[in-house]
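Quick heads-up: structures coming right below.
Paired with chain B in one complex and with chain C in the other, chain A is shared by the two complexes that follow.
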Partner chain A sequence: MSAYVITIATLIAIYAIVACGLNIIVGYAGQISLGHAAFFGIGAYTAALFATKTGLSFWYALPCVLIISGLVGLLLGLPSLRVRHDFLAITTIGINFIVEAIFLYIPFFGGALGIGGIPRVTLFGLTLKGIGFFWLCTGFLVLSLAVCWWFTRCWAGMACFALREEEEAAAGLGISPVRFKLLAFVTGTAMAGLGGALYAHYMRFISATDFSFPVSISLLSMVVVGGMGTLWGPVLGALILSALPELFRPLVDYRILFTTTLLLLMIRFQPGGLLGETGFLRSRIAAWSRGGRR
Partner chain B sequence: MHLFIEQLLNGLAMGAIYALVTLGLALVYGILRILHVAHAAVYTVGAYAGLYLYGAFDSLLLAALGSMVFCAALGVAIERFVYFPLLKYPPYVPLIGSIAVMLAIEELCRLIAGPYILTFSAPLPFPDIHFGSITISATLTAVYCVTAAVLVLLWYITSRTELGLAMRAASQDMPMADAVGINSHFVITVTFVIGSAIAAVAGMLVGIYYNQVYPTMGTVPAYKTLAIIVVGGLGSVPGAVIAALLLGVAETLLIGYAQIPLPRDALAFIAMIGVLMWRSEGLMGSK
Partner chain C sequence: MSEGLLKLEGLSKHFGGLKAVDGVNLQVRRGEILGLLGPNGAGKTVCFNLISGVYPPTAGQVRLSGRRIDGFAPHRIAHMGVGRTFQIVKPFAALTVLENVLAACGIRRYRSLIRIWSPWRSKIDREMAMAVLGRVGLADLAHRKAGLLPLGNLRRLEIARALVVGHKLLLLDESFSGLRHEEIQRLEAVIRRIREDGITVLLIEHNMRVAMGLSDRVAVLDHGRKIAEGTPESVQNNDEVIEAYLGRKGRGHAA
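For the complex of A and B:
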């Protein structure tokens, strides 16, 4: 594989991890979040600050990063208990703008210059770069998918599904909305933090604009295009939405127009996502697994 | 003191502009329960259309009328081809569709008109006004007068005409409105026509006020107007206007007098989250 392909593949794996986290909040617990890039950024900045200011290695800093981004997720997930639907969508947009402004204007976070000089990850004395780091990211992606799979099978996940479908009825059955919504928020944001830490150590330079509102949009688009609430949907979405701009690179000036038009057509004609209930790919896979019979 | 008054006047103008852009959003939310982010793109198109028509006809009135017609058509097209087919899905689906429309229109503006800042220098047909040492520039007067005229006209349409009655009925309960013989899809179309025409006026006003028209001029209003309609109470038009004026004045005064390290756009969202935590239905909303 050429270095170019490895770079794209690594970024796809990182975005897939973050999108999986968003899928837990949006797809499993049914809480719309348009500010997921904020948590991605919080993970990245925490990892970068640990690495550059305290000199802790990636592996020692990682648990702290996960705990901190989970705790911030807990704190910022609190509004979701008070407001719902459209209010929550706008609140999370607001959180994204506020977090980005804090990174950009508070000198402690490097201001407009961002944070540079983040060291590479080492494993067993080996410095991971190129293909090695790609496998590390893939490993973490598999781990995240395992957590997602376990989440859909365990009691907490079932409780979240019930809350998503009908909050009043679920609460009537004794499922605490507070507890399980916050659980989904903490799991989802910790996953975004993991993605952020990997991103910081891969890019080795981060700035506030890497985590701005458009990034949240593309993360949500990944989940929606792939199929909300499905296990593989976010991975497929990350693959499609990260690979397409690269495939359309020859179009240069018309690239953004092309990808946004594609997103529009997707949401217009396949709003459930490719792997969702009525999705195009899902019906194809189902037909194929039945031996081509309809 | 006179600096304070000038700041206040500028803040009011800022708030009036926010109010104009927010009106369309509040109207659309009131009737369809859709967060019409692409409204800000309609506003950008309005500014460009106004600029080109002004260059072609050399008349502000003709430019404004043409731009309003063009934007109304654009708004109705967005409603017909994007929102209406998506109404049966959960609200995040039309929201993402709206954001995609907004980005696509912004890109089209950039590709057609170029990425640079164009100037919109139109001499206004009335002079600056002086009160002692305080000067109210012609553009400031234009912003006040146009906003006041639009607000009065909108108030008249929604509360004194049969069309307004149909709009209010459809926004309260659409199936019921259908049942009593209101053509609710027609009412939706009219709502988009009114909202988009106001956005066109707002776009031209902003273009003249700052003497700038550029492809991404809608980005900040797109999300800030969302904060405004939340603070005003989703779907409440008077609430949105009050929140817009308050925000314009508060922002300008805070930036002028308090040393706050955060930019004004972040302040708007902090204010919004504060209001939401205090009154989760907004200033003028109902539970």
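For the complex of A and C:
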């Protein structure tokens, strides 16, 4: 595999992890978030600061990164999740802009210069680069998918589904809306933090614009295109939305136009996503597997 | 006469200048079916929302088995054994009928930070949910998507969910409205059986024949105030009730 393909594949795996986290919040718990890139950034900046200022290795810093991303998620989720629907959308957009501004204007976070010189990840004395780091990201993606899979099968997930469908009825069944929305939010933001840490160690230089609002939009597009609330949807979405712009490289300036057009088309023609309930791909896969069995 | 399970004392809810519920005193006895009647806008559903914790009252108290529960959040009141249905049905549309009831079965885990991580596809819960679906007559639709069910089945699904939660008290908000004659009869039988299981039922009903036939006692609200309480027969002949429903005397009989 060429280095170019490996780079794209690694980024797809990282975005897929972050999108999986967003899927827990949006797809499973039904809480719109348009500021997920902020938590992706918080993970990346935390990992970068640990690596450059304390010299702590990736592996020791990782639990701290997850905890800090989750805690910030808890702190910001607590007031945000008390509002619903469009108000929540606006609040989360606000979070994104505030977090980006903090990275940009506070010298501790490197200001406009960002943070550079982040070391590569080593594993058993081996420095991971290229294909090695790709496998590391794939491993973490598998782990994230396992968490998502478990989430849909445990009572916490059931509570979130109920809240997503009918909040008032769910509360009438003993489900605390605040508690379970926060649980989904914290799990999702911690996953974004994991993606962020991998991103920081892969790019080895990060700046505030890597985590700006358009990134949140493209993360949400990944979830919507693939299929909100499905297990593989975010992975498929990350694949499509990261690979297509590469295939049409000359059109790179129109990336946001492309993403938003795709998002609108999906909402109009495939609201459940490609792998969703009435999704195009899902019905194809179902037909194919039925044919195979015959 | 058995002791009161639910007690409303001077319960009031004002929305700005509108006194939706105004100083209502009411006692629901253990094991009875109490019908809450009244014309549209009398404050019946607001009363339910006060009992189930959707709103805190402006004044007054709600007591369940002697304990004050007014101002508690809805999920806390559910944990105390109060189940409710909604006038406008609120099914979890994307889930199956069985999963809708399973979501209610989770009430034994939702308060623990550890047990919420255990899987919900366990045999015990499944059997419990199926048994409840059997009680309301929905067992053969268990794997259908709830969003695809007609209204009559959705009302029974809501009762099934409420039954899992409400081992003490069941609040049924117009569970009969919009149903066909046969569906009404089947649902009446379901509710009678629920009472036989020792669950107290407080129901809001518009259909007079159903309410009078099913309730042990009825209370009538009008403009947020309780205007009558007693056996169905005594209330039926109460002048104030007749006036609230039909207008002043001398205008002839409406249906």
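As a working rule, the second predicted complex is superposed on the first by the 274 of 294 C-alpha atoms of A that agree within 3 Å, B and C clash if a C-alpha of one lies under 4 Å from a C-alpha of the other, contacts with A are read in each partner's own complex, and residues count from 1 in each chain.
The rule is simple: a residue touches a chain if its C-beta (ideal position, glycine included) is under 8 Å from a C-beta of that chain, and two chains touch if they have at least 3 such contacts.
Just so you know, these numbers come straight off a predicted model, no measurement behind them.
In the superposed model, A:153 lies in contact with chain C only, and not with chain B.
Of the two partner chains, chain B is the only one touched by A:257; chain C is not.
With both structures placed on the common chain, the touch criterion links A:177 to chain C but leaves chain B unconnected. Look at A:220: by the touch rule set out above, it reaches chain B but stays clear of chain C. Once the two structures are overlaid, the count of chain A residues touched is higher for B than for its counterpart among chain B and chain C. In the superposition on chain A, contact of A:162 is made with chain C only, not with chain B. Comparing the two complexes, no residue of chain A contacts chain B in one case and chain C in the other.
Across the complex, chain A meets chain B through its residues 26, 32, 34, 79, 82-83, 85-87, 89-91, 93-95, 97-98, 100-102, 104-106, 213, 217, 220-221, 224, 253-254, 256-257, 260-261, 263-264, 267-268, 271.
Residue ranges on chain B touching chain A, taken from their complex, read 29, 33, 35, 81-82, 85-86, 89, 91-93, 95-97, 99-101, 103-104, 107-108, 111, 223, 226-227, 230, 234, 261-263, 265-266, 269-270, 272-273, 276-277, 280. Within the complex formed with chain A, the chain C residues making contact are 52, 54, 73-75, 78-79, 83-84, 86, 90-95, 99, 102-104, 106-107, 109-111, 115-121, 158, 161-162, 164-165. In the complex of the two chains, the chain A residues touching chain C come out as 150, 153-159, 161-162, 164-166, 168-177, 180, 183, 229, 277.
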